Structure formats: C-alpha cells, structure tokens
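What follows is a set of structures to go through.
Shared between the two complexes below is chain A, which pairs with chain B and chain C, respectively.
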Partner chain A sequence: MSAASASGTFKASDLQIDFCPPENLKMKPAVKDLVFGRSFTDHMLKIFYTDQSGWGQPRITPLQDLRLHPAAKVLHYSVELFEGMKAFRGVDDEIRLFRPHKNMERMNRTAARCSLPTFDGDELIAILKKMISVDQEWVPHTESSSLYIRPTLIGTEVFPYSTLNKVHPKLGTPVTTPYIGGHWKEQDNTSIDWLIKPTLGVQRPVEALLFVILSPVGPYFSSGFKPVSLLADPQYVRAWPGGMGMMKSGSNYGPTLEVQRYAEAKGLHQVLWLFGPEHRITEVGAMNIFIFLDKGNGEKELVTPPLDGLILPGVTRDSLLTLAREWGEFQVSERDITMTELVQASHDKKLLEMFGAGTAAVVTPVGSIHYQDQVINIPTMDHDQPLNQRFYKTITGIQYGRIPSPWAIPNQ
Partner chain B sequence: MSAASASGTFKASDLQIDFCPPENLKMKPAVKDLVFGRSFTDHMLKIFYTDQSGWGQPRITPLQDLRLHPAAKVLHYSVELFEGMKAFRGVDDEIRLFRPHKNMERMNRTAARCSLPTFDGDELIAILKKMISVDQEWVPHTESSSLYIRPTLIGTEVFPYSTLNKVHPKLGTPVTTPYIGGHWKEQDNTSIDWLIKPTLGVQRPVEALLFVILSPVGPYFSSGFKPVSLLADPQYVRAWPGGMGMMKSGSNYGPTLEVQRYAEAKGLHQVLWLFGPEHRITEVGAMNIFIFLDKGNGEKELVTPPLDGLILPGVTRDSLLTLAREWGEFQVSERDITMTELVQASHDKKLLEMFGAGTAAVVTPVGSIHYQDQVINIPTMDHDQPLNQRFYKTITGIQYGRIPSPWAIPNQ
Partner chain C sequence: MLSLKKLSTNLLRNCGPLGAVSTSLYGSTSQPSPSRPRATEPPKRVVFISQSTDVFSNLAFEDWLYKNWSFEKRSILFLWRNSPCVVIGRHQNPLVEANIPYLESAGVPVARRGSGGGAVYHDHGNLNCTFFTARERYDRRQNLELICNVLNHDFGIQARANSRDDIVVGHDNKVSGTAAKLGRTSAYHHCTLLVRTDRQQLRLALQGDKTIQIKATHSVSSPVANLGDIGGKDMTVEKLLASLGRTYLTEQEQDPRLANGFTLVNPTDDWFPGLGKIEADLRSGEWIEGKTPRFTIRRSVSLPPCLAGTSASANITVQAYHGVVEEVRLEDGLMACEELTDLVLDISTSLKGTPYTPGIFCDISNRLRVPQPLHTQRSFL
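On to the complex of A and B.
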C-alpha cells in the first residue's frame, strides 16, 4: 500500500483547558487499593478530526462520557487503536515519562494502517505533559506505582457508507464496501478528489476522535514476583503474515478474550500464542516474550522472536534488547524459536529463564508452559541473580530517577 | 473451548416503547436519494446486560446518541459484533423478513466467541418485528428498496481490568490480562465464582449493550447490473485457521479498510481475499463468492469455497446453494478453488460466471480480477440467461412476496 498521506496535525500551543470544578474533584484511592484501569483521574483530553477541517483544537476537559451516534464506525467495524504508557514520580519527586516517542511512532504507524488520521507525536507528548501536570497529584507518591496513560483513536463517523452519496466518478457505480474517502489517480498521474470536498485531497476517515484518559495503577505484583503459567495451544492463532499482528489496534484484542477465559478455566494465567506447523513462539498478547538459554559451552543466549509482523513491537522489548546489547555479556538474538527447541532445552536443563516484557509489569517471570500433554517447568526465579530481575531493576531505576538515562523524559 | 454458558435471555413480552414525539419525526428521504446506511428511522432498540442482573428490559426509544464511558471496552479492545438483515415491502404491501433465524444463530455464535452474552434469537426476532411495525412507513413502498436492520452487540464496561480488584482465588496472583469475569473449576468439578458476585456464576462480560438501528436503503445498483472489478493481492490476508474469519465481529472489518482504499486507488471496486501458498479464493469481505464453470462435457459446476473457518457463513450463500441443489441442473460444490484453477478455466473459456453473494445486493456480478500481473476478464453478464440473474430473480421474488417460500417471514 502507498504511504499514508499526511493528515496534518494538532498543536500543543492551541491547547485549551476546561478545569474540573474543585467541588467535583474525586477522592484519590489509597495506593494499596490501586488496580489497573479501575480508577481514572479528573480530566481527559479530546481532539476531534474531520476530513473537511483536519484536526481540531486539543481540549482538556473534566472526565466525561463520550456521546456517539449508534452508527459510529468504531462500534461496528473496530476502527480503533490505542497506546499504553506511564508517568512515574521519581525518588526526587520529579515526574518522568518513559520513551514516549516510541509510543507516538507506533500510534502513527497503527493509525496509517487503520485508515485513521496521523499527527505529530511531539505535539501529543507536549499535550500529555500538560495534562499530567493538571492531574499531577494523581501520579502516586510511591515507587512501583505509576500513572497509566491511555491514548485512544477511534473512527466516529456514521457508517463507512455515509459519505457515499455519489457514484464513483470513474467506475460509474456506487462504491458499496466500507470506504472512508479517497481520491482517484488518472492514468496520466494527475489525481482528482471525489466524495470528499475536492480541495482537501484527503484519504483519511471523515471523522475521528483522539482521546486520552489517565489511570493511577498500583504495583503489578502485590505479592512479589510470583511466576505465571501460560497456555500454549496451537489451535488458536493471534496473528498471521499479511495481517495486523504488529499493530496496536483493538482488533488484535477482542478475539483473544475468550481464549484467555479458556486458559483461566484451566487454571492458567495467560496465553502464549504459537504460529505455524513448527509451533513458533510469538508473544503473550499483553507482553512480548524472552527466553534465556544456557548454550552449554559457558555461553548464554537471550532469545526473543523477531519483528516479523506477527508480534507487537513493544517498547519494553526494545529497551531490554538495547540494555542486553550494551551489557555485552551474553549473546542477544532476535530469532525464531519453536516449542520443540524450548522442550528440548528444558529437557537438557539449558532453559534458564523465560519472562514477558511489557509496559504494565516491565518483566513478568514465567514459571510453566502447558503445551499439548506436557507441562514445561521453568526455573526462572530459582537462580541467584535472575536476568529478569536485573532488567526489572535497571528499567525501574531509570523510570523512578535513580539511574540517569535519556529514556526518562522529564514532565516539563 | 468449552461451550458458552447460557446468558439467559430478554423477553419480547417485556418490551417497552417510548414513542418519538410526532413533532420530532423525521422526513423520509425520496427513494431515489436512498444510500446504504445514510439515513436512519425514528426509533432504535436498546437492551442492556449486566453480569449481576442478566439481560434488562428491551426498550424501543427515539433514535439517540449512545453515552459511553471513555474506557468502555468496545472503544479499546473491539469487543463488538453485528448482523445485517433486511425487511421488504412486498408486491401485496405485506412486510417480510428474509430468513431472520439464520442471522440470530450467527449472532449468538459470534457472541459466544467474543465473550459477549447470548440470548434467545426468537425473542429478538419478535422484538424486531414490533420495531419494524413502529417504523413501518420507513419500509420503502418500492420494490428493490428495503429497510436494512443492524443489530449490534458491544461490551460497554470500563476496562476489562475493572472487575479485577481481587487476586485469583486459586492462582494467588492478580489476573492481569484482559478478562471479563469467570469462575474457577475445582478438581472435584465443583466450581466457585470469583470477582463477580458469587451467586450468579456467569462467564460473560460485566456489562454489554445490544442495540438495533434501522436504515432505509435504495436499489443496490442504480444503473443496472454493472459487473465489479476485484483486486486479488496475496500479500494481504483477511483470516487464518485458528482465527475468527467465520464470525461477524467488528475485528474482521477494521483491518480491511486500508486494503480496500488501496484497491480503489488502483481503480478497482473491491478486494478478493486469497489464502495460502496456492492462493485459494476465500471471500470478498462484504460478500461470499461463487464461480460457475463449464466442465467441458456438457456439465456445469457451481463452486463456492467451503465453510472452513476462513469465510463468513453468509445467509445469501446458503440460500443460493439450497436453490441450486433444489434445481438439480448442474453440479454444486463447496470446495477449495485456487487462482491457478481460475486462471486456467479462464484461459480454456470454461469460466462462465463469477459473482458475490450477500445481503446488500443479493448477487453482484464480477467482471474482472486483477491478480499479480494479469487481468482476468469474466463474461459473467455476457450470457443469454446468466445464472446470477436467475438467483437474483428467485431470491428477490421470495423477498417481495411474488414467490411463496418459508424463507419469507411475515412481519406480524
């Protein structure tokens, strides 16, 4: 597909703030009661987009319900994407973001693939900083808690068919499939716009809404690093070549809920998604996956599946790979790894650690994999100094201001 | 996965109707101005579901915006599904539905796969009939126009994580992935409920909303049966074994929009989705596909891809297969067919017709397929009595009351 045409951008300098009246400010939950995504701060951000006028003025308002026409595209055709980021209150009381530009890059990549409008990520980061300042008392004053940031972009216009009040100027027939505006390229490479007002030349949705909500979140593991168990059932497939597995779109999540329920009904925590006849390991839906192997000759290898289009390019994944390569103490491989190799390594006592990597918990130790008739037990936390804990301490050290790093962006 | 537990049902006998005030009734568009999904009737249906209390009272209200919390699951994780049906005003002025039970069966299958609550399809049909009666003047008084019915089911509760205020009773750790309530089966096969109030034992979402909107639609082809052109590009893949390609969930549609845009930028109407190294023909996203072949020995064969999990089990697809088998005049095959076979048949002048089948247009003749460097022209409409037109006349004859059939359900 051709590159997405520019959708212009909104500007942080246009930001308008409608403060929540003091009498409506909510009580902040105690840190011990914080649960992921259960409570929300006092404000939200909304930026509307229309094909006719482009991005509108960014507005911070009190948190409020969205009003959507029941034919809004997001409710029928999953025209929706999101990001997950966090703000941390450091040991020095400074608030920091962690590599927010990575989230902005991925959000724009996903938007282009989802026929949603793109924007300048630096502008959204500047707005998020302002938003976090407005709700700064919601950034927990306790290490290991943080403020979760959920940027979301949805297609809001009535039915994709709603703009199709004309026949296609070249095809001579009505355009009858989900369609969201476009232009027609003549054989001589000139182009004419159609369906949409001809001066804009857009290829984006007719209407969209970018909104951001904030949620204080507690320690991911309230009872320490208890390893999780994974169901690896090859009959369920999350993503495939030619699909959208590398995008952070809503469509990658809805289909997994029932499989997750199935795993939990078996007493397991999460799903390890496999792919292909070789049962390649891909990811854990909410996390990327890392495997630490003893190579047998005194060498060790950290393996994670490559960015082949089947897995989400996680920010934490990238951070762990970068750290490991800086350390230079063991081999670091982005390569395919199959269940057969994993089973063999376990049998040979070469499987040292396995852990998930994601924004929610940084690293999540894996204790066992339930695969066909086997249970593969993994001694992830049974070493003196587990690699996953070294990663955890380094990343959280950067996030909470103990370790200086360009990855920690002051909220100023 | 285990069969979905029953979610109970709502009852048509509980239906409450809040009529739109006469002064707010909208002007009905002229039939010549009707476009798919552009105008909506005066009323809508809403039925709320919660885990605690099950399905609520069905209510017909004036058409109005939905209010959703910005963390509603449908906006982030594509927890959403829909159906497409029609009501027809017959030549005798009676209003009829076409095989609505097929839509109800598919809607419940999709709901179970999407972790959304199921219901008794007969009850929804009874409610739809009442709703159509309320808005009966919106059923166009012209043959070839009809009233499109869009039942939709969305997950509305705040974040999937919102119910997770406790650790898992057996796992001893917080449940951290998208999860929507469940119960835990003890090894002795007794079960305990958790997270949700323990008296209900549900495995369904905490909150959901079933709503229905109605839209009068015009003739699908305003300028006769002009054949459409299809892009068959193997680099884009709609569905995969182990995925949800056979479900009418929103997640099957959002990822196709940008590929559709790409096809239209090439001057083509729609996308023919291929699968696998043999480039098997699957479906056209909004339609199933049929191919009519000359077998060379005086025999003819109607081919459509099998229900192998990759394609939507269309109601029109089933209707055409049933009619063709009743006629008994040619071979009827649900089998795999590849682009190689299609190209060879075209070369040998054995490719008689190709057409899409769906609720929107009944049949849509295909005139050409653009595949790699080839353009395959298909003489679909160049025969004296095209098979696709015989199908069209039979199905619309049933829908508009000219041909008696148990498929036409009176709206009474």
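On to the complex of A and C.
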C-alpha cells in the first residue's frame, strides 16, 4: 500500500497557475550576490489539505506571505517538515533534477511520523518540473549554477480565507467563509459551518499546507574547498534512540542554531554531533559525516554511521555510498565509529580524510576537531587525489550532465 | 497492477547511478535520452522583460539570444526600453541619420544595430518588442496583428499594419518601426512602438547632415504619432507591456499549458556568458563609426589672404571610408595657386587614416591659416 493512499493525493493535472504580473517581478541581482537562501524566485506552490476534503488543487502563485491563524499547530508544536533538493543547469543548458524520488519518499515517511498528510511523490515531481520551468531564468546560464528547491509541509489549523472573491455555486451569493481543500462543501442552507474551530489542544492538526519555494544559487568554485574546523562536545545531543533523528523535520534543526553560535564564538565553523557515553560520531552541522581510514594492511575503509534512527538518510550520503560500492576499490562500511577510534587513528596516522556530505555543497572537507582538550588535525585535502574531491567531481559531473546517469532527471 | 510507468520509475529508484546495465561510469558516450517532444508540438511561450535601459546591453542581449538559443521548444517575446538614444541601421551613416554634435553635447549615445533598415530615436516612452522564433515559425504579419489586436482590444485604438509593415493609426501616422533578422535555424522580428516618446527630441536627434553624399541606406521619414496621444492618459508603456505580454501568452490558439509566464532578465555577462564581448563590440568605435560606408562631404573653406587668389574661399572635399579619412581634395584645383594645392596635398597626407569627425573642416581651416613648413611635417616620418 503506497503512503499516498492514506490521505489520497493531489494531481499534477489539476495544477492551476497564476503568473506573477510583470509589475511585481523581482529584479535579478548580480550573479555574485546569489548567495544560497538569500534570493527567491518569482513564484511559489501552495496545496491545501483538510481531513474533511483531502488534498486541494495545486496552485502556482506569485511568491507571497502566508496567512496563518495564531493557533496554527506549526507555530506552537513545530508540526513541520521540509526537504532540500536541487535542479541544475547542465553544460548543455538543459535543466536536470537530482534523484527527486528519494526526497519524495523521505518527505512522505516524515509526514506519516509528524501527523501530516501523505501524497503521491510522482505528482509533486511533475508539479515541481512545471514550477522550475516557469522560474528557470532565475538560474544563470553559467556553469555550476543551480536552483535550490524547498518543499515544506506545515500543520495549520484554520484554512486561510481565499483572497479571490468566490460565489456560492448554489446560492449565488458572495462567500466570506473559507474555501476548503479545493472543494465547496455541498450544503443547501445558509447556516454553513465551514469554520473548523481552532484549538490549542495538543492534537493532530486537521489541516495542513504544502508549499514550495525556490532559491537560485550562483556558481561557487572548487578553489573554495577550505577545510572546516569542528566543535565536538558531548553535552550537545542532536538526536536520540526512539526520537526523530531520521526525519527531516524543522524541530531537529531549530535547537542546533544556538550550539552553532557557541562553536562560532570559539572560532570554529561547525558542530560535530556526538552521542552516548562512548561518544559515537553521528553527523556534522546539517550534513552526514564520512571518515576515510587506512586499515594498515594496504586496504582503506570508508566509514559512515548506520541508519539506526539517529541519522538522517541523506540523498548525498546514499549517492556516495552507492558510488563507492560501484567503484569497489576500498571497503565501504555503515557502522558506528567513536571519538576514541578517531583519536587513535589520528595518532597512528591512519586517519586520511573526513568530510560532511549534503545537498548544499556536496562535500565539506573537515580540517580539525576540537574535542575536550585536544585538537585533532585531519589531512583531508593533503593527498594527491583526495577521495572527497573525486566524489565531488563525479556527483557534480552527473548533476551538470557531463556524465550520463539515470540519477539526473531532465526537467521536461 | 503496476503500470509500465511505475515499473520504470521503481527501476530508476532502486538501481545505481548507471541503471540496471553495468557499464563504466566513465567513457560512456551515450547521452541521456530525455523524451523529446514531437517536432510538431507547438512551442512554449515566455515573455522576457529587460531590467536594463542601456541600449548597448539590450541590443547585445538581443544578439546573444539569437546566436545562442534554439527556439524549437520555446518562443520568446523580449520587451525592452532604452534611455534616450539613437539606433541606426547596419549600413547607415551616423552623420547622415543623426545630429551627432547635438547628441554628443546632450550625452545621448548612438548605437548601430546588426539588422538593416532605418534610424530610430528611443526613450522611456518607446517600447521595443522582439519576437524570437524558430526559422520556420517566423511570421511578421502575425506579430503585427497581435500588436494591433492588443491596441484595438485593450486600448480602443484603431491601428493597422500597412504594406511596409509599419503600424499606423489615423491618417497614416506611423507608431512603429520594424526590423528583422533571419538565420538558418532562428529568426527574430523587432518592432518598436511609440507610446509617449518626446517628439521634439526625436526630431532634433534625427536631424542629420543631409549635405553628405552617400551610397548608404537612407531612412525614409514618415509622420509619426504617439499612441499615448490617442489612447488617453491611461495608455502607458507599462500597461502596453503587460497587455502585449498577456495576449502573447494566452492567444486563443495557444494551449494555456504552453504559457510560461513573465520573467525579468538581467542582461549582463555573469548571467549570460559571452554577452560582455558582444556588448563591448557594439560600444566600440570600430563598429559604430567603422561600419560606415564610403561618403564624401564638401564644404567651402575661407582662405587667408596669402593663399587667396581669385576667390576668398575654396571648396574642399573630405572623403571617408569606415569612419576614417581617405582623402582631402581641393575642388576647382585649376584656379588655385601652387602653394594652396601643395598645402592641401600635405593636409591630405597628414589627415589620411585619422578618424573622421564633424570638426574636421575647422581643423583644415586652421591648417590653411598657419601653414607648417614642409620639412617639419615630414621630420618624424
């Protein structure tokens, strides 16, 4: 049974588009000012959901503020999830999506866990393609530019009033009560109670909103691969067994902002998240972590923590593991690794590379870890051909169409 | 029952980066084959609006699009406005078409476009529309009809396209100009519309030097009118832009799913690599003056007493080619004294190869007044 069947699904064929009128289009800045997450395109996608009527009509509209009732669940109990994925303008000027189905699966898994409605991922991908097609000129025609796609699903409580003047199909009178889920409730009298009373009770939301916004990312260059420094302090815990570590929910990221600030105050770049008395390494910042070791017998080993519930199943993480297994040149292990093992490997000069993996930068090399009283230096970039750079070249080669692969889906 | 679509999607989801067939990641020469739309499928339509009012950036972008894009799957309507400027045709003479001294003093640039045709004056009250299509979809008449429909329908202006592909209102008052470029695979039709152009400036700017003899394309001047004068104060360039764009996107025969909306373009090299070079070429003297066909210009220059013979002045002709002086000639040479003839020959030699400027006759006049001894002119050769 597909995840979508529990709450039905919206359909790409129902998509309605309200184009942003020319007078409201946003000026495009210089490409160097297209910093990740700072600019947004001209349009957005909105799809409403209610328990009563299911998913509504998908609509692409000009980028606009949301109207929420103050009792909306997302504002109080963080009933929210999001996704991060990208579309790339390839070397042939065609646009490609990178493994979007993985994000759709994860989004539905997280929705089910977060009391939010599920849907058919293929329908959303078809709609995203249209969105990207409409706003594609926000991606510069240079190499290595991309469009960051941020689907979000939030629990609302009261359906926002439609901004269009609507007339009741049977009574012919103007309607001031909400337009729910794309369907007019079939009522034949005037005392229509469509308002779902907002409640602050800690309960499942009966309404939700799925929206998508797009952010253009200008080119960044591989010469910008300066290794980062990490703060590894076991008192800060990102996720725990039985928790939501494997879900891409906003509630996992909000609490990390302050810890990030502590790290920066110490002059460090990111946080290495540890767990348990043995100080297991779990993730770095908002990325998965990879460690490349020399086993000493002429063999090498690529290690990343297993998907045991604490770890977000990253799409980049999965891609790197698959590539490494395909290459078959070294051992690939999804296993636990502790700070003790890491420190030991560093002393024995067996710690070759350490890097984060995520959608934003593909790989982020780690240069040093500040752990308790020690500083562990890692020669991540001090090799002839670092593994992390080989990963970067292969993944970006696929994304930008240099290397043919079914992982890169054309935006047709 | 799993549909074929679901089967293939599942396959893609679960397989490695190269699909079910194991081949080397590197060295594969096959391109990913996206499902191509059928060749007969009508193209999507999108409206580009320039965020720049610099004529060189906009002309460069027009050229960049034409050279770099294929219009099989997307037709484009590019709408743009320029700060005050004059644009002359590919084969025209800027001195003949425009009042260069006036424009220079007013800081109004003159640009030469790549397409043929006559000279036009642009300012913020003028809207440029360029229709880009695949070569086989090029249809000038259709574009002009679209514009006329918008003017009739949305603004109540009775406009029509005449046999010269001008849009006219009333008694043959021109409100537009047309230029076009057709290549092997792509084509564009460029049309300008006068909405609220400053007609006094237009007249002053296009008052060229008609004494110049040329073989280049002459502009055909016609009485012009502003659409804004007929359409009332509600008629603005912004409104016309929005109306044209909307109609272009949603024309009746068009499937609404083919409309791709409006978007702003920032016509700079970082957004469109290669545009910087095109723009630099358009700005260069080599292009603007350097493409001017051969011309001659004759003036009467007064002579100082020592040189004056039977007449107090002489007719001097300057001949220039590609904006550079070829020769300075003395007309009626038989009547002149030897000293004058020699002097003019020397002036010709020293001015040959220098850029032609309207002030050249002043320069010649000065040289006649204060003749340089022959040996000092030659001493640096």
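By definition in this document, the second predicted complex is superposed on the first by the 353 of 412 C-alpha atoms of A that agree within 3 Å, B and C clash if a C-alpha of one lies under 4 Å from a C-alpha of the other, contacts with A are read in each partner's own complex, and residues count from 1 in each chain.
In this text, contacts are C-beta pairs under 8 Å (C-beta built on N, C-alpha and C of every residue); 3 or more make two chains touch, one makes a residue touch a chain.
Just so it is clear, the model here is predicted, and its values are computed rather than measured.
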(request) Check whether A:Ile213 is in contact with chain B, with chain C, with both or with neither, and answer first, second, both or neither. (result) first
(request) Quick one: classify A:Leu257 as touching chain B (first), chain C (second), both or neither. (result) first
(request) For A:Val31, select first, second, both or neither according to whether it touches chain B, chain C, the two together, or no partner. (result) second
(request) Look at A:Glu94 in the shared chain and tell me whether it touches chain B only, chain C only, both, or neither; answer first, second, both or neither. (result) second
(message) Taking the superposition on A as described, I'd like to know which of chain B and chain C A:Ile398 touches: first, second, both or neither.
(response) second
(message) According to the stated criteria, A:Gly56 is in contact with first (chain B), second (chain C), both, or neither; which is it?
(response) neither
(request) With both structures superposed, pick whichever of chain B and chain C touches the larger number of chain A residues. (result) B
(message) Looking at A:Val79 after the superposition, I want to know if it touches chain B, chain C, both of them or none. Which is it: first, second, both, neither?
(response) first
(request) Could you tell me which stretches of chain A are touched by chain B in one complex and by chain C in the other? (result) none
(request) Name, in rising order, each residue of chain B that touches chain A in their complex. (result) 1-2, 35-38, 40, 44, 63-72, 74-80, 82, 112-115, 150, 152, 154, 158-162, 164-165, 167-168, 170-180, 182, 184-185, 203, 211, 213, 215, 220-223, 226, 228-229, 234-237, 240-244, 249-262, 264-265, 267, 269-271, 285-286, 360-361, 364
(request) Name, in rising order, each residue of chain A that touches chain C in their complex. (result) 17, 19-23, 25-32, 42-43, 94, 101-102, 105, 122, 133-135, 137-138, 140-142, 319, 322-323, 326, 394, 398, 401, 403-408, 410, 412
(message) For the complex, give me every residue of chain C touching chain A.
(response) 9, 12-13, 15-19, 25-26, 28, 30-32, 34-35, 37, 44, 47-49, 51, 238, 241-242, 245, 249, 259-266, 268, 270-273
